[in-house]
Structures are given as structure tokens and as C-alpha cells.
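Could you have a look at this structure, given as C-alpha cells, before my questions?
Lettered A, B, C and D in written order, each chain numbered from 1.
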Amino acid sequence: MVRSERGPLRVTVWGENVHERTEEHVRAIYPDGMHAAVAAGLGDLLGDEVRVHTATLEQPEHGLPAEVIADTDVLTWWGHAAHEDVDDAVVDRVHDAVLGGMGLLALHSAHYSKIFRRLLGTSCSLRWRNEGERELVWTVDPTHPVAAGVPHPIVIEAQEMYGEHFDIPAPDELVFVSSFAGGEVFRGGCGFHRGAGRIFYFSPGDQDYPVYHHPDVRRVLANAVLWAAPAGERRAAPPGSPSMARGWFEGGTG
Amino acid sequence: MVRSERGPLRVTVWGENVHERTEEHVRAIYPDGMHAAVAAGLGDLLGDEVRVHTATLEQPEHGLPAEVIADTDVLTWWGHAAHEDVDDAVVDRVHDAVLGGMGLLALHSAHYSKIFRRLLGTSCSLRWRNEGERELVWTVDPTHPVAAGVPHPIVIEAQEMYGEHFDIPAPDELVFVSSFAGGEVFRGGCGFHRGAGRIFYFSPGDQDYPVYHHPDVRRVLANAVLWAAPAGERRAAPPGSPSMARGWFEGGTG
Amino acid sequence: MVRSERGPLRVTVWGENVHERTEEHVRAIYPDGMHAAVAAGLGDLLGDEVRVHTATLEQPEHGLPAEVIADTDVLTWWGHAAHEDVDDAVVDRVHDAVLGGMGLLALHSAHYSKIFRRLLGTSCSLRWRNEGERELVWTVDPTHPVAAGVPHPIVIEAQEMYGEHFDIPAPDELVFVSSFAGGEVFRGGCGFHRGAGRIFYFSPGDQDYPVYHHPDVRRVLANAVLWAAPAGERRAAPPGSPSMARGWFEGGTG
Amino acid sequence: MVRSERGPLRVTVWGENVHERTEEHVRAIYPDGMHAAVAAGLGDLLGDEVRVHTATLEQPEHGLPAEVIADTDVLTWWGHAAHEDVDDAVVDRVHDAVLGGMGLLALHSAHYSKIFRRLLGTSCSLRWRNEGERELVWTVDPTHPVAAGVPHPIVIEAQEMYGEHFDIPAPDELVFVSSFAGGEVFRGGCGFHRGAGRIFYFSPGDQDYPVYHHPDVRRVLANAVLWAAPAGERRAAPPGSPSMARGWFEGGTG
């Protein structure tokens, strides 16, 4: 039951890594890529509880071949400029893994990623404005594990605005709601259960701002990784639909 | 099925009517009481669809004797200064009626009313600041009937701030989230189902501001009355727990 | 607001129409196809409130070209033997329409249809046994409009067993839970909201039994069509993600 | 984070202890009282993770004075014959503690206890039949921690039937649905969040049958105790509604 008895949680941090390679001001904030900053935050906060690995779009199979997915308990996903470049076969693989129990953190502009839309079934559209406004992240579910140890509100001095209406299914667990200096609100911290997997969407984190260096944001990501971790063994694949003989559960062990 | 075939919806607008009688600036905004303004809005917008009646705290049984409750499809409730003066027997009566199918609209400071806390079971506490800030009411469920025909956002130039954390059960239907000029957010439009009854909480509406004269707020209240109306016949009382013979549903009409 | 002022609700009943053409015992139960029985039930119970149209797999574009979808308020879907033969372009079109507000009823084995899985994002797997067992359909939300006027329980003398675990997201509205003679249970009446659309899944209705001639099942389908109907104008398409200038809502009408 | 670092979880098992004292056949099943059997199951399965204490109705303050409640992380509650004999002051105390973070397990006929009805706000009525029928407990949320390690279904050879409609708010987490030999179904495993506290209702467990000696039922109770345990420090009391100065969160630590 205690994590350490099962070995560290295996986290794969996926980054699109396009802005960081092509835009100087992004590279100035994230010299090793946004994925490196996310990975460093998890390592700093969770230490031996996790074993963090990174993968990016330009790698073969986007760094997510079957053996990597099979060796991942929780996958974090950041993408923006190149959602359409993600191969459908990789999306299928990640989709199957989430339904089989792998956790998924969808970060900021990943609201429009193929995998997030595939899992939720809606357009995942929203409203936005990139003027570096102050974002306040308010906790509406104070005892939720993803909110543990974070201030109410988290103050992010400059962020892209994401506003309602956010076209998602009603979240199974609504944890954070943000407001922006311009007055908009956004359901920016949402938990979903799909198949055997847990998905957490967290909106702060645009490439133009050093949000993934913010200590409270790092804390949220670390909490969310722990929350999304599968409780038991991952299933190999989503179950089929077996036929069951009448009374199959009788006289046996269930 | 069409409402007019059943006669108009019977709405009782309950007002505490304390601030209006004791504070000149409130009386200047609501010369006939806040309940009169709420009732006028419903009458103006819903016309022959409703028959609106008002009742106030200082009346015998607070204007809510058994025969009034029995003749009410939807009750609206505004209270603030005198929650503790509401007789428990009246609260019991309203509670039974809601569980039996009567709709309830809990308005603004009614978050702390006996009846709202009784129905929800939590403290219903929140944070507040009364400095006349601009409130923006954002729709997070655009196809919800209570949001029909209202702008996104509703702009209320001056209102008391109500902020999270709002200690309620997770709403069955979250419709509106407000932001305030000072940056706070609030789940200010929430639907709940309890027993056979529907409850809508709507936070705008402090006695110090002319919020119930605001056309969009009036529209929300009218929508909410229609949403909370019982679909069929009201039950006389919450059901007991009957014992059922095995196979009682066989060979009959169910 | 009253439906008749907007003209009748436009319902398209889609049937795979494979079992009925290839299996004599199915044709004996449904000589004009299962879709005809579903359509007849809606017409009988809803009369002038609806205008019912049918479409089947073997027609061009499966009978669902763009102009038919554009002229449909609620689509009902029954499929089983040929899910994979449904063209992805048609699935895309139906998906867009549901997110834009078109209602969808997914019937029985449509749990495995492309469109249902696309909208929900999960495997939608279940357990089953086809031995003609008695199914009891119990209402767990008695005031839900889809349960109006149906007995508690609905008794279906012979049906295919569908059992848990049913791999769907937690329903937004759980209305019916079935039990079977063999002891299994199933969440067989579930409402979902996706985008601007409403989806109702109802499990009774295997091709081997005359379930769509059952008066209570017909009542549920009629109720579900009314429940799933869009409240207002259908959107042409899911919204994109517009950029909003700061303060865009000020000084205007919202 | 690991429980053992905070000391064992402090569990108080409350039993009404009336049937056991007054009915021979109950005493034959539970010679030391039902509470003793529940406590023994928790001790056997959780060992050093818990420190289990029992309390009963006939003790002063029903064995639940303020110092006991203050020293309790999770309270389990079984009552049936004497709900009305529970002092309202004790109910108030338990209610406050749950809102402050204490977990609560409401067992079987505790659906009608004062504390459960107070927390949920509804009548909590149901249908029943006591004929010793086989109950099958099906898991509808296989990855829920309360379902860990239990068969699907749990087979209970003889139990009182509890059937729908169960008049509770829609559960925040629906885990188990039971069927009975007579055909009824029941949402018998439900999680609720109220204030900072977690509540789990589990229906198996009538005094006439040895259900609390059933290994799978014991496992569910052990799981539920762990699930309901407060994550952090218990609050002393539900929060009030503080007034907040504008910008109070600026320049500080939040």
C-alpha cells in the first residue's frame, strides 16, 4: 500500500518542445524546455517517490513507444503549436493506457490536444487573451488532495487568460477556479475519471511566462501526479465485453 | 403538460423585511420591500404563467401557515438579519414541502438561512466584503435553462462580495460562477435536488444595492422559478419506508 | 417556449437494419425493422409534438447526409452487428451535431457504437448473457422527466442481460438501474451532457425480444426524446476558441 | 504522509446495542454486540494502522463526550431501534465534527439515524423486506479505493432487502449497487463529501444475519475507514464567514 514498497512512481513528462526551440523569449524562460522545468519540479518535491523521465514530439514515436507507455504510471502532457503533428497511433496508445489505469495530467494549452479531446469527447474550446494578466487560482474543494499545501488563492503575476465557457463535460471533481485581472473566470483545475484512469487538467502554464517555476504551481503538479497515480496494477488493455454464464459467481471466489 | 393547462405556477416570495423597515437607504432602493421587487420581476417577466404572493417574517407564522405552503409550487427566500427568528416549526414545514416537491430559490444571504442549511447539511459559510464592487456573473453551463437569455457575463456594477470557499455540497448543477473587482470568485448559481424538490441558490442580491431591479437578475430569477417548479403533483409529505412483499410487482400494474 | 409554437420536434430514428433483414426470428418480431417499431412508438405517444423520420445503414451516407442531420432535433441510434461499417465521416457529422445541441438516444447495443464511444471517451464495455431473462428496470431518480409515467419497476419478461461493470464516465444523471433474473445489475438509464447536446442511453431493446413493443419502454423513449430536445436554436457547429479584448463586456449588452 | 508517521488512525465504533441485549437470536450471532464484531474486523484487517475504540447508546453521552469525538478520526455508526433516543446535543457534536473533517461510516439501518439525515438533508427513506434473501453487491466503480480487493459481486447468502427508491441526494461517489433474490436493487455503497468530512454509507449489515462476520464485508468496512480518514489536521469547528479586506492576498504568503 505504501508507495515505496512498490518502487517509485514512474512519471513521463511529455513536452511538445516547439516554442522553446523556435522562440528566443521562451528559451530564455525555459532553457532546457518546459518539460525539463516540469520534470525538475516533480523531482524536487517528490524526490524518491518518483522516477521522472521526459519525452518530446520530435523523438521517434514522439518519445512514447509502447515500452515507454508500459513503463509509465502517470503521463503529463503539454502541447500547443503542433497538436495536429501528434500521430494518431500514439494517441490511440495513450488513450488505451489511460483507460487501463495510467494517470494523465493535461497542462494549459493541452486542452486542445488530441488525447484530451479524445478522452472527454467535447470540443474543449474556451476564450483567451494573452496580455500577461494576474491570475488568481482559488480552491473550491479545500480537502481535495490536489489542493493540499497550496495557498488560497495562488497568485500568478502574469499569465495568459483562459475564460469560460470551457466546453468540457462537467468535471467529476472541480478543485480550482481562476479569476483574471480582466474579470474572466475559468474552471482551471478539474479531475476526471475515465475507465480505470484519472485525468487532471490544470490551466496555468503558458510558454510566455515562468509559471512552471512558480512554487505553488509546482506543488499542484506534484499533488496531481500523486492523485492520478493508479492504485493497483495497471491493466494491459481496456476490458472487452465477456459473456457470463448464469450463476457464474456462485460457489466460487468471485 | 403545458403549464397553462394546469393553471398558473403558484409562487410565494418570502422576505425577511427587516432592513427595509429599519434602514432608510434600503427603503430608498426598495420602498415596498425587497420581496415586492422580486415579486414584481416575476410578474413582469412571467405574466399569466405565475400567480405571485408575498409573505414576510413579521406575519403570523411568518406568512407561511400550512395552507399557504400547500398552495405554493415555488418558494423564494431572502433573509439576513433575523435568520434565528424564523420559527423551527415553519422551517420543518418548508423542509417537508421541498422534499415533497416544492421548489425553493435561496437568495443571497439566505445561504445562512435555517432552511438552506437544513436542506444541504453543511455550514454554508463563505467570505465576504461589502464595498460595492463590480460583480461579473459568468455562465459555465450555457444550455442550462436558468441561464437562458442572460448575457455572458451579467455585469452588476455594485454588489457585496461573496467569495470561496463556499461550504456547500458539490452542486448537482453548477450554472454560474461570479468574479469580483477585488479578484475573488464564487459559485453563485447552483442547482440542487433534494427529495422530490429542486433548490436553486443565486448569490447576487444584497439589500444595499438595487440588484433586484437589474433586468438580467430578474431574468435569472424568472428562469429559476420555472426550473424549480414541480413537474407533476406535489406529494403530501415525504414517503415513509414501506415493507414490500416479495414479488409485489408481478402480475400487476406496478 | 411551448413546443407547438416552434413546430414539431424533428426526430430521426436510425436503425442498423441488419438483423431484421438476415434473421427470420427477428423479422417475425419486427417485420418493418426495429427502427419502424421505435418510430411508431414515438408517433403514437407524442403525436403532433413530433415529426418522425427513419434512416438506415444501407442507405447512401447511412441515410444521414448533412441536410438530414441539419433537420434533426433528436437522433435515436440502434446498432449491433455492423458498428464498424458506419463511415467515420458520418460519425464526425453526428458528433459535431450533438456538440452543437442535437439530442441523441443510444439504444441497447449502441453502447458499442462509434458515436457513443466517441462522445464518452471510454471503452463502454460491459458483461452480457443472452438467455431471455426477466429484466426489472428500477427508477432511482423518481422526479426525472425520463421516468415520468413509468411503473417502478418496469417488468420486461425476456431480455438479454447486460451487467456491470459498464465502462462509462459517471453519468451526469442516473435514472434507471436494472436487475436481471440471474442477479446482475446494470446502470441502464443514464443521461449525459456533452457540449450543447444531451445524450440518453437506455439499455432494454435486444433484437431477439419484442422490447420496443412494450408500452413502458415506448414511454421511456418518448420521454427521453423530449428530454434530449435542444432548448433553443441549434448551433451550426461547435464553437472555436475566440480571443477576447480586455473589458469586451463593458458598456455593452453582453 | 504515511499514516504510521502520524500515529494510528483513531476509529470509534458506535453501536446502538439494543437488539443484542434484548433478542436472543441476535446475541447468538453477536455475543459481544455488533459493535464488537465491527471493531474486531477493523482490527484484524488494519492492525497497527488503527486504534479502535467502541461506544454504545447506554453509556453517558452515548459514549461520545467531546473528548472522545476530539480523539476520533473516523466514527462508524450502527443504529436501528432507538434512533430517537440519541440526544440532539450528541448529534450536534458529531455533525460539527464531520464538517470539521472527521470521517463517518453509516451502516445499514443508520440510513434513518439522526446524524445521517442531518448531514444529507433528505428523508433517507427506502423500501425493505426482511426474509433473509441473498444479496449481491456489485461494484460500479472498480478503481474506487473502497472497492479494492473485494469480489464482484460480494455474495451475502441472507440479508434484509433494502430497495429503491432510496431518498438521498445523488451520491458524490457511487461505488456499490446491490440486487436481491426478489429482484430489487439498491444503491448500497455511496460516498458523500460534506464540509471537510467524508461519509460512506454501506447497506449490508442487519442484526438478524452474521453479515459483519463476512470477510468481504469486513474488507469493505476497512477500506471505507481508510477512505474516510481526514487527510490532514482536523479543524476544531466549521469555519465562520470572515470579512476580507480587498487585496488581502497581495504581497503575502496567501
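To be clear about the criterion, a contact is a pair of C-beta atoms (placed from the backbone, for glycine too) under 8 Å apart; a residue touches a chain by one contact, two chains touch by 3 or more.
Remember, predicted model here, so these are calculated numbers, not experimental data.
Ranked by distance of CA centroids from subunit C, the top chain is D. A count of contacting C-beta pairs for A-C and for A-B identifies A-C as the more extensively joined pair. With centres taken as mean Cα positions, subunit B sits 38 Å from subunit A. Rounded to a whole number, the gap between the C-alpha centres of subunit A and subunit C is 32 angstrom. Residue numbers of subunit A whose C-beta contacts span two or more other chains: 136, 141-142, 152-153, 163, 170, 183-184, 193, 249. Across the complex, subunit C is touched by residues 134, 136, 138-142, 152-153, 163-166, 170, 174, 177-179, 181, 183-185, 187 of subunit D. For subunit C in complex with subunit B, the touching residues are 2, 101, 136, 141-143, 145, 148, 151-155, 193, 196, 216, 230-232, 249-250, 253-254.
Across the complex, subunit D is touched by residues 99, 112, 118-123, 125-131, 133, 161, 163, 167, 169-170, 172, 182-184, 192-195, 238-247, 249 of subunit B.
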